[in-house]
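Below, each structure is written out as structure tokens.
Two complexes, one shared chain (chain A), two partners (chain B, chain C).
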Partner chain A sequence: MTAFALPRFVAPLLRHSLILILIALLVFFSIQAPAFTAPTNLLTILESSAVLLIVALAMTLIIASGGIDLSVGVAIDFGAVFALIALKDFGAPWYVAIFAALAGAALVGAFNALLIVGLGIRPFLATLGTFFIGSSIQRIYTDGGGPIAFRRMEQGFRDLAAGNIAGIPMEIVIAAVVLVGYYLLLERTNFGQRVHAIGLQPRAARVAGIRVGRHVAVVFILAAASCALGGVILAATLRQFTPLAGQSYLLDAIAATFIGASIHPRLRPNVPGTLLGVLFLGVVANGLNLLGLDFNLKSALSGLILVGALALAGLRGRAG
Partner chain B sequence: MSLAISAPSSRAWLAGLVSHAALIVLTLLLAYLALRAPNFLDAQNLTAILRQSAPLAILACGLSVVVIGGGDDVVSGGIDLSLPAAAVLGAGIISYQLSVAGSGLGTALLFGLPAVLAVGAANSLLVVGIGLTPLLATLATSVAVSGLTKLITSNRRINVSNRAIDWVRDGDIGGIPASMLLALLVFAGLAFLVHRTRWGAHLQAIGASRAVASLTGLPTRKSVALSYGLAAAAAAVAAIAILARGSGSSPGSEEPLLLEMVLATFLGGAFSRRRIVTVWGALLGAVLVTALSTGFALLQVNIFWVSGIKGGLILLVLVAAALDERLRR
Partner chain C sequence: MPLPLAAASLAPGLTLAMTGIVKTFPGVRALDAADLDIRAGEIHGLVGENGAGKSTIIKILGGVYARDAGDILANGEVLAGGAAADMHAIGIRIIHQELNLVDHFTVAESVFLGQERTDRFGGLAKRRMRREAEAFLRDVLECPLDGQTLIRDLGIAERKLVQIAAALIDGKARLVVFDEPTAPLAAAETGRLFNAIRNLKARGVSILYVSHYLGEIVDICDRVTVFRNGRHVAVLDAPNPTRTDEIITWMIGRQLDDLYPAAAVRTADGIEAEPSFAVERLGDGRSFADVSFSLAKGEIFGIAGLIGSGRDELVDGLYGLRPPATGRVTRAGRPIRLDPALAVQSGLVLVPRDRRRDGLVLDLAVTDNINLASLDEVSTAGFRRERRANARATRLADLLDIRPRSVGTRAGLLSGGNQQKVVLGRWLAAEAEIFLLDEPTIGVDIGARAEIYRLVRELADGGATVIVSSGDAAELIGLCDRIAVLVRGKLVEIVRCGEISVDGLIARTTDAAGQRVAS
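Moving on, here comes the complex of A and B:
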């Protein structure tokens, strides 16, 4: 404990170090790359973070309940493909396609819930199994993993990615709605309180009369269903279904959730923190892009920035 | 559990059967593959399975040490996601030194292996020194390390032809493939340290309950820090096995290894009587995962189906283990 003897004035700085680092990065990027602060670029950062935010919020809910979900990628993909099938093969209107997406992804969540709550397998391994099976289903369905294109997509569905409300791109609007929804659910309802209780002390929660199994099942189904919205955005943006595309969001979603937890006084996963985590990852990726660095150098730098920022943010525990 | 021991009920034989269900399911599976898949039991195929599984087995054994010391809660317990990335970094540096810089094997190892150990030191610092959650800390180092690998190898494949490396790939001692010998050495060393020494007993106690271990006066911080170091040492050996298996280094080879390593390690827990992660369980898990892939390839199962069937079978083993736990309560 005495390894780091820090002067007293450092403690309050460290408490908000992650936010300070983010601000420092913003200042650095705006000096080094003038295009960074252009309104269109700031909008681009938000736009490109939308899907990750949706997935990271789902991950936040699950990690708050004490579990983890390695199959969020499958839920995203199932959402995308169910929406696309509804549009392409059944000619459904856009709102029915969204409903199909939610239902398809909820299937993934229900399978996870069956394995975890019904059969008693631990979330990590259960969702890993779901990931293997889900990826296999996608390969079988697409005959090896080629994308399914749908160029003449109905405008209503296309607008979910290309449209805007009062100048704000639709992806941002969807992600913001999901953000507010998750905030209210996790931080402002009894259900959210019980989820946190289950995550902290599952046995105590059971003794206190919380139906742990039922809550965990709802958490996994709800999280998977909300990931479908990410899949819908991806499908509408590219006007196609790309198999296994969701997987690339998994590690970033986990990272964003844990970055968010590291700013919480009791290190709990929380919705505002996850938003900060997603923005942090988005700003680093965008800023390094604008600096025009070599691709390989960029990936090394972004990793080192992440490690450095987390180390500084983690020092807070020592000082406080 | 004590009830079952003191008063064996009429269901005792059933409980006994279920407690070994995971092993039974595994045996049945391998027996099925042996009967149905042509050449599954050929010496050539069996050595091929062992050669293929060496990097995975080494990494899984290394990960098991971290999980044993950190507790097996996946969110807050011990885990090291950076092991595959560290091993691939080592393989990348060694192959760069051999083929691009043109130095000898000794120099190449002198550059490569300490780099892998440095990743372990960074993990120790982040987890023990700073107190980050292991999952987050090692996820972050793994991103940074993969980036460094890309930077060093320019994200390109580097071929290596070196007699010693080729021997690790093709050679054997008394019929046991050289790469598997590497894995067995790592396994024996780690299993001895964790399951047969006082330090290992302390590490298991720390993993079971950090608070109690710390109250008893065990050096929890030092032991946990060392467990990340040991895992990194295993990754350094895995770097050589990966280099030999691929006759060089390829970008992105850490990705498939990551999930399989975690799977093999935690699957190993299903084979232990107390459902805890052990070093030998990790070794068994790694061989199982590779044997299944090879078996399906020999059966000429459609490649698109393989990962799904594998996932289903693994869930079957886990359900058997979970069922047993429920019966014992």
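Moving on, here comes the complex of A and C:
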């Protein structure tokens, strides 16, 4: 195949084009909607991106290992409902509730691991099955899908969403901690190195003596458990458990991960890239909102950014 | 017996003269002015070592590769083009080594796949296809089969015949090229294939028969061309079993030079006195069975065998990639579980034959590939220490003379020889004791080969046990202390290198005496 040649200066431009577009968007929104640049609004963008960031980081880990997880929504919901059960039915303090949330979501991850590693089902289909099963459990538990409210929530738990540390909203703090944790895990540890090797060439990883199955199992359990923190934030914010609420984060998380991968020199999923992808989606949603444009445009624009980023990455591959 | 069916008719054989064929790939001259001359209606054998140019010339005949230079005369007429369509049009059909049949298709569907007969309304003429397929298999290939049988219910020899029928059913085949047709077959099944091939010859079709099995070559062929290093070196008329030595000499045509390092003197007793690794009656229930041998520290042990001899499966089994079904492996007298991760932990490591797929993570840097199996030693509490990782990788890259020197280079960008050194470097970093080298010098240029041989000898002299599985007889003889010969899944003998010539080893692996091991 003869690919058309691109001038030499194009490659670095393409590599950073996504960041350039993000800056252009920021400039555009701040001119068009003066309220956009207000510090409270910028904080709102971060705050509203916190849950998505947590879920997208989990997705980044999974995609880096060569898999995909369609059941992150179930993990979020299980996190939320386990926390609420601990608080409401057992009167547990907030930290026990968080622990319950992590454990509940880890169950979802463990089930995925069983299907994928134990039974050899491909991640796409295994997690699709988990999604169906988990969604059904929630409907049954809530008698058809109605939310479970818990108005007199313990303040300590409530603060996980409503509180702040030195003026920084708690959600942002939690998301930032998760961000740093995932960065260290994927980019700085032996575990992360092995996960990348598995995601790139599972056979070569196996020949190198890496226990591929064990690593994949840990990846799915860890990712699901971290999604529970998203569920905790949702539960604390709304003071209720909303069945199937987590599902709305799935596609955005996948999109953010691949937007992020498109800025990597070798097109690999990576933590800084995922942060950029999440911010991209957050800025677009917020900006459209302020401009008073149809909110339904948001999906279209997100989709355009995703395919645009991938197209740019493809061009970059061609430019060498 | 009357043969009224159109399907059973075949076109007259092709005379094909290829002269001065040249084909160059980056860094390799695969064919260097090679000649190949096939007469109408003969069975012509083509033999040569790995890399002699046999597969390249088959691909040129199939139109997969275009020749860089050289003439092809088909029945005396110059063939200008060389595309797949041109080759097909003059009646050349390639029977590839791989079967490429769909398991749940019927015999008739498989034979007519891609060339379906239609009725006058454009629908599939199923009954007619079934009848023609059955007639062709029965009359031409002597293989009566029900056209409705599913491929997965057939034996391997029958599948091979279905594959042949599919290539010839259009009746326009004039030269049929068989590429290692018996490689997947058990001994008893080869007879059926030979009958079919002789039948084709009797009907006037020209045949090019490419095989490593010299016993078969002298059995079935009218003439034999020997390739070596991309050239024809001999054409033998009327081959017979007494001439296999002559063929082998032509195939090798060189003395073992100082490509191989000298071995430290080691007595036979020394090897058996200190067993470090023993394999007892190992079998996978399919490709190899009842394999036993025992190795000493400091020994280089070769495994010789052709494609399909079970050599690859044995190596994969020893490393636990495909756990064997029967038998056991002991390390210093104690049985070990066969699993790659456990193997690496205990110091048994594999340098795989497909290094780009299984050996390296191509997208990772050289340093990451070298450290991949022993990350804990260049880290603190699970956190990577880049400086330590790079320092160790650089030290090994220097030791092994890996080029380019920068360990930050992606492994995928290195040449074959340097990639192989990276894999070796990984196992040196992991302080391995038993090295399983599978085709260690495939795709490695001659200079890097000598370096790898020297390195392997140094490993052994340093007390490591090395197992080398290779299809290159000269390599095994030059490098190993002892060599196990696998023929069709059986370990037929273990020979000492001082006591066997390259010819002798090839004669054993190619089963030149024709004494096929019954399975």
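Going forward, the second predicted complex is superposed on the first by the 289 of 320 C-alpha atoms of A that agree within 3 Å, B and C clash if a C-alpha of one lies under 4 Å from a C-alpha of the other, contacts with A are read in each partner's own complex, and residues count from 1 in each chain.
Heads up, the rule we're going with is that a contact is a pair of C-beta atoms (placed from the backbone, for glycine too) under 8 Å apart; a residue touches a chain by one contact, two chains touch by 3 or more.
Treat the numbers as computed from the prediction; the structure is a model and nothing was measured.
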>> Quick check for you: in the superposed arrangement, does A:G144 touch first (chain B), second (chain C), both or neither?
In response: first
> Looking at the overlay, does A:I210 come into contact with chain B only (first), chain C only (second), both, or neither?
Replying inline: second
> Once the shared chain is lined up, is A:V177 touching chain B (first), chain C (second), both, or neither of them?
Replying inline: neither
>> Just to be sure I read the superposition right, which of the two partners does A:Q193 touch: chain B = first, chain C = second, or both, or neither?
In response: second
> For A:I133, is the partner it touches chain B (first), chain C (second), both, or none of the two (neither)?
Replying inline: first
>> A:P123 in the overlay: touching chain B, chain C, both, or neither? Say first, second, both or neither.
In response: first
> Of the two partner chains, chain B (first) and chain C (second), which one does A:G303 touch, if any: first, second, both, or neither?
Replying inline: first
> Does chain B (first) or chain C (second) touch A:Q201, or do both, or does neither?
Replying inline: second
> Given the superposition on chain A, which partner contacts more residues in chain A: chain B or chain C?
Replying inline: B
>> Using the superposition on chain A as set up above, list the residues of chain A that contact both chain B and chain C.
In response: none
>> For a test of understanding, state which residues of chain A touch chain B in their complex under the given definition.
In response: 3, 63, 66-68, 70, 115, 119-126, 128-133, 135-137, 139-140, 143-144, 251, 254-255, 258-259, 261-262, 267, 295-304, 306-307, 310-311, 314-315, 317-318
>> Can you tell me which positions in chain B touch chain A when the two form their complex?
In response: 74-75, 122, 125-126, 129-133, 135-137, 139-141, 143-148, 150-151, 154-155, 259, 262-263, 266-267, 302-312, 314-315, 318-319, 322-323, 325-326
> Residues of chain A touching chain C in their complex?
Replying inline: 184, 188-191, 193-194, 196-197, 200-201, 203-211, 266, 268
>> Under the definition above, what is the set of chain C residues touching chain A in their complex?
In response: 319, 321, 340-341, 343-345, 349-350, 352, 357-364, 368, 372-373, 375-376, 379, 382-384, 426, 430
